[in-house]
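Both complexes shown next keep chain A, but they swap its partner, so chain B is in the first and chain C is in the second.
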Partner chain A sequence: MKLLIVDDSSVVRRAIERDLSSGEITEVDQAENGEEAVRLYSLKRHDVITLDITMPKMDGLTCLDKILQINPAARVLIISALRDRATAIDAIKRGASGFLCKPINADELREAFQLLLSD
Partner chain B sequence: MAGARPRGEQLTFANLPSRGLTIRFKLLFFTAAICSVILVALTTTAFFLSAVSLRTARLEGFRSLRRSLAEAINTAIDTARRSIATQAEMQTCRYAISELAAGYEHLLDDLAAGGFQVNQAFIDRIKAELNQAYRDRLFPALRSPGRETPDYEALADLSREGLVLQYVYFLKNPASIDRKYLNNTSDEIAANDALAPAFRAAFAKTMFARAMDRYHESFQSVVQRNRYDDLLLVDDLGNVVYSFKKSWDFGTNVFRGWQNQASLKNVFLGAWYVPFTEANRGATNHVMVSDLAKYPAAYNAAMMFFGAPVTNRLGSRMGVLVHEVSSVPFTDLVAFDRHWQQVGLGRSGEAYIVGADRRLRTESRFAERLPARYRAETYTPDGVKSDRTSILTAPLANAAVGKIFSGNNLDNEGEVTFYDELGHESLGVYAPLPILDLNWGLVIRIDTSEAFAPAARLTRLIASGGAVILVLAIGGTFLFARILAHPIAQLVATAEKIGAGDLSARTPITSTDEIGFLAERFNHMVDQIEDHGRQMRKIFETVNEGLFLLDRKLNIQPGYSQATEEIFQHKIAGLNFLDLIRAVPGQSSWAVLSADELAAAENYLELLLSPRVKEKLIRQTNPLNEVEFHFCDQGGRPRTKFLEFCFNRVMEAGQISQIMVTVVDATSRISLGRQIRENQVNARLEVEMLFGILHVDPAILSDFLEHTDREIREVLQNLEAEQHARPSAESLAEREQRYGRLLQRIGRSVHVIKGNAAMLRLSYFETLAHQLENKISTARQNPQLVGEHFVPITTGLASLLDQVKMTRDLIERLVSMQGVFGRNHGSGKDGDFGALANLAVDVAGRNGKLVSLKLDVEPALLTLPDRLRRPVQSVLAQLVRNAIIHGIESPAERVARDKPPVGSIIVTACRKNLKTLLFSVRDDGSGLNFPSLRQRAVELKILPPDAPDVLNREQAINILCASGFTTLPEPSPDGGRGVGLDAVKDLLNWLGGSIDVETKPGQYTRFMVELPV
Partner chain C sequence: MKDEDIQVFITCARRYFHSIDPSSPLVIEPPFVKNRVEPFLEYTGIISISGRARGVVCFTTNSDLLRQILAELHDEPKDENAIRDLAGEIANTLSGNAREEFGKNFLITVPVVVTGQNFDFPFPDNARNYVVPLVWRNQHAYLLVCLE
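Up next, the complex of A and B:
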């Protein structure tokens, strides 16, 4: 199981990695902007991507579109602040699988992760 | 269930758009249809069966009738032939024709011999009279459409003898025109006054007159017996020398005039030229018969002639005997003397004879009803128009006649159904009549309506019987349908009631059949529905949340919880959810949402309806989880609520069918949250105030508080005093002045307080004072100062005073806290030194040593001066820690050195002199090992390597207190970092104290600290 965590804050990245670390996950990649995320994804085709929306260089929505272009079935979980809610809905309309709101609750994150993987 | 109203019109079976027929009607129709079909089949069958048998019977009757009629006609003709044949052979006939022919031949000579010379004038006169008679009597009958004027000359083409005979026997005969056979004797002629006496005398003596006398009577009896129309004798020259009737043909010649056209000529010729042998005697073969034809002498009535030659004994022809027969005997024959009913021809049947020209030979029974072309006029002998006849009129065109004369001998006899001349459908039999010389056919027919009348009657009977049965069957079915359909109708009525919302309706169970069972199950089902409905209603009534369903088009479904309407304060069923939250004109509530937020809400709901997205994964995007709602209440006043919406999918058969919406009025929770935030801000202010206070020098703060307190109290006292001391004699201006002074005084005080507060950065006080100053300046601007103007100032002063009190309270609280926290370390019998014992136990435990700490403190020093308490406590703690770690040996070591296993530490505190306090910590451990101390110091580069070998006390202390010095190889929580005594020394330096050490190796170590008071 390969996980790609995309967020411009290293603290958030580390927190997500810590919350999700389990036996299932064999490989974790981190990207601090959209461009890097797209590059990593095109190389490794991660099973799950957590994606922030507000990021430098390339924002989350553009990144999402590019990832979905590479693989329309990619599982992308948007993790963003509450004020981005309209954007999050937009992202889900575009093809993201779900949305979690910052600050993240570890249990919620794990549950969402299980749901993402359930099919 | 709030809002559970039937949508639109109430649904009933009767107004169902696509409803069919009721069971009752279906049964009725079915029965009626079956009965009708049976009825029609039965009547048709009955009709046809009976019609066929009737037809057979009728035709059978007709055939026998035809046989007997043919027989009778044949017999009649035969009889006539036989009769004429017999007569012609009689002696009388021979003599008569011989004498009459001779008399005719010699008539004019006989007249001349009798004394009357027939001259031309006489002849002309007779002719004129005859012409007159023709014109008057005969012509009308002879007139035909094609020939308006009959041919006079042809009619009157008579011989002189013929003219004379006509004159005597016809024109001048006094008998009426149809009875001219009277007055024919010579005596009667002689007595006829109408004749000239000379002529009549001469005529009576003629041979002809005498022959007439002799034979007329015998012929009369023959004619009357045989019902002949006339009896003629034609001589060998064709002269009609005898006519019984003495009609228009008497005296004519069959070869001259109109007779040349008549059938009499043919009969004469036929009879005259028929081969005659002895074998003919007694036979009738030689009798000539002519068909019925219009005979002018009989006023164009149809006549047939039988002619038989009269011969003498030698067989030579003398003339021809002719019988003239009308159609009447044949008509009488086929009319059965008008006994149609008896022979089975009923009211519409008839029999008739037709000739080869297809014209009637006998009178039709319905002659007067036939079309005009089948009817011709008849005339009396007087030439007067009389009856009408159908004989020899237009040819019949019906199928029966056609078949007889079709020329096909195989088919010229049989039965046929055809339309007769009256247009009636007829059933008939037809056959040719086998008569010599005559080509006749016989038709017997009857209207089918009459022929089959019994069948029709039977059919009518069956039909009416069937109709009765039909009515009975429908009645029975109605009854049956009522019995059968009644429970169903009750069921339907109940279902309609239930559909209209009346769940208490039940259908009565009236039978034990399937319908009864159905009704029972139906009731049971309604029970369950009602039960479910009740439970649902209870839930909807009880639940505190707004609870409703949206369909896939986001329309709010009827049936939502009672709380829903309380939350939205209006009915929402049928509304679109987006309209509910959108600000729609005329709606009393709307959500405060930006266009983006509305779009987000719409998108969110759309996502919720999309099966692609997992519900839980998008729950947090819910943009309506906290929405501000504006309402207009009944009075139109605006109100605000905070609503929390929660959306859940409702699945049906694996499909998202609806969205369940839960809405909670979260106003109180959210406003509580806001209040908490406000309180937090206030608390922060208070903390800021606290820090403000702490920053100020306590003495100055105390001064400030005291000054402020005093100032305000004074001002307040002044105010009170001014109010009470109100001199009655004081003028308005005086009082104004006094108030102004007072205000000035207050203003100055407040200004000073404000300045002080600003200087001390007590912003809170500053703000309050500033506000108060503003109030004072406002009051000053009033042109007329009154007592009331001081009220806000008094309040402001009071709040400032409150603030002083609050600050004091805060300080008080801090002081009391300090007291509590201070006593934590120095409370109990050991005062400020109590904590040392615990510390010793903790450190010893961590380092595997056993220690007992003893205190030897002067009672006066149990509570140290504030300035010294913390430094002393920290210095003593460091020294005790050092004693345990570095001084006291482990219990095993101590036992080996003959010491008790529990080490002893003694802490002392005493006043050395008035200005100096002495503290010491003594342990009974291994003491300080000076050589190793020196070596260690050299290692740590504290001492130069060339330092003296023996250290004195001062040098030892310096080493011990050097920064970074430690004897322990590894650092631990309690020591080994070389910062302990180093820090102690720094502290003592700062306090102006000193440290010293006494030690005896293997015995004890004692650190002593001196501090100035």
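Up next, the complex of A and C:
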């Protein structure tokens, strides 16, 4: 399984990779903005994407739209500090598979990830 | 910004530090108001705010506190980049979480991270600057909220 982690914070990217590292995941790529994420996704079609929203160059919701244009079945878990209900609903309406609010802990992340895989 | 709004940011700070280590309480000392944005410690993450409010939210602290958080995250900083990055991420998380109360029109930028006390940043000059002193594991930090 290929995982793409998209966040402008390298600390967050490494934390997500550590928390999700398991036998299921065979390959991990990281991107620090939406533009890089779209480029990587179009090349490698990752099975699951974790996606921040507030990022330079291209924000996460625009990135989500572009990834879903490439593959409408892409599984995208939004992980964002934006804690308002409207943003979460907007992300889900656009096609995100799930939404987690930062700060997150490893258990929450693993649970959301497993839900995503079983969906 | 009303005085009671500062409680929103205090709640966000409590939530953040509780997520890092529930057994290490965050001590909030009484907030106060200054006539300009300060004080600054070693590392400061700055988020500019627009939309429903205009101004900045800053998180400033020293490297020791940031290193302790990185250790809790099992992240070993090999260089200064991780420390800088974390200062910005904390500022981003506290500001973004405030949208739970202020709504989606409380617009936040990506963080700018500065070091030390001598730097140029276009802080607003006509807003009240709230200073919230934080103490976590005997390490000091300040949450600076300056919103029109």
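As a convention for this text, the second predicted complex is superposed on the first by the 114 of 119 C-alpha atoms of A that agree within 3 Å, B and C clash if a C-alpha of one lies under 4 Å from a C-alpha of the other, contacts with A are read in each partner's own complex, and residues count from 1 in each chain.
Please note the rule applied: a contact is a pair of C-beta atoms (placed from the backbone, for glycine too) under 8 Å apart; a residue touches a chain by one contact, two chains touch by 3 or more.
Bear in mind the structure is a predicted one, so any value in this text is a computation, not a measurement.
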item	value
Touching partner for A:101 - first (chain B), second (chain C), both, neither	both
Contacts of A:81 with chain B and chain C, given as first, second, both or neither	second
Which of chain B and chain C A:92 touches, first, second, both or neither	first
Which partner reaches more residues of chain A (counting touched residues only), chain B or chain C	C
First (chain B), second (chain C), both or neither touched by A:111	first
Chain B versus chain C as contact partner of A:2, first or second or both or neither	neither
Set of chain A residues, in rising order, touched by both chain B and chain C	86, 90, 101
In the complex, chain B residues that touch chain A	596-597, 599-600, 603-604, 606-607, 613-614, 616-618, 620-623
In the complex with chain A, residue positions of chain C that touch it	15-16, 19-20, 70, 73-75, 81-82, 85-86, 88-89, 92-100, 102-104, 106, 108-110
Touch list for chain A against partner chain C, complex	8-12, 14-15, 18, 54-56, 80-84, 86-87, 90, 101-105
Chain B partner contacts - residues on chain A that touch it in the complex	77, 85-86, 88-90, 92-93, 97-101, 111-112, 115-116
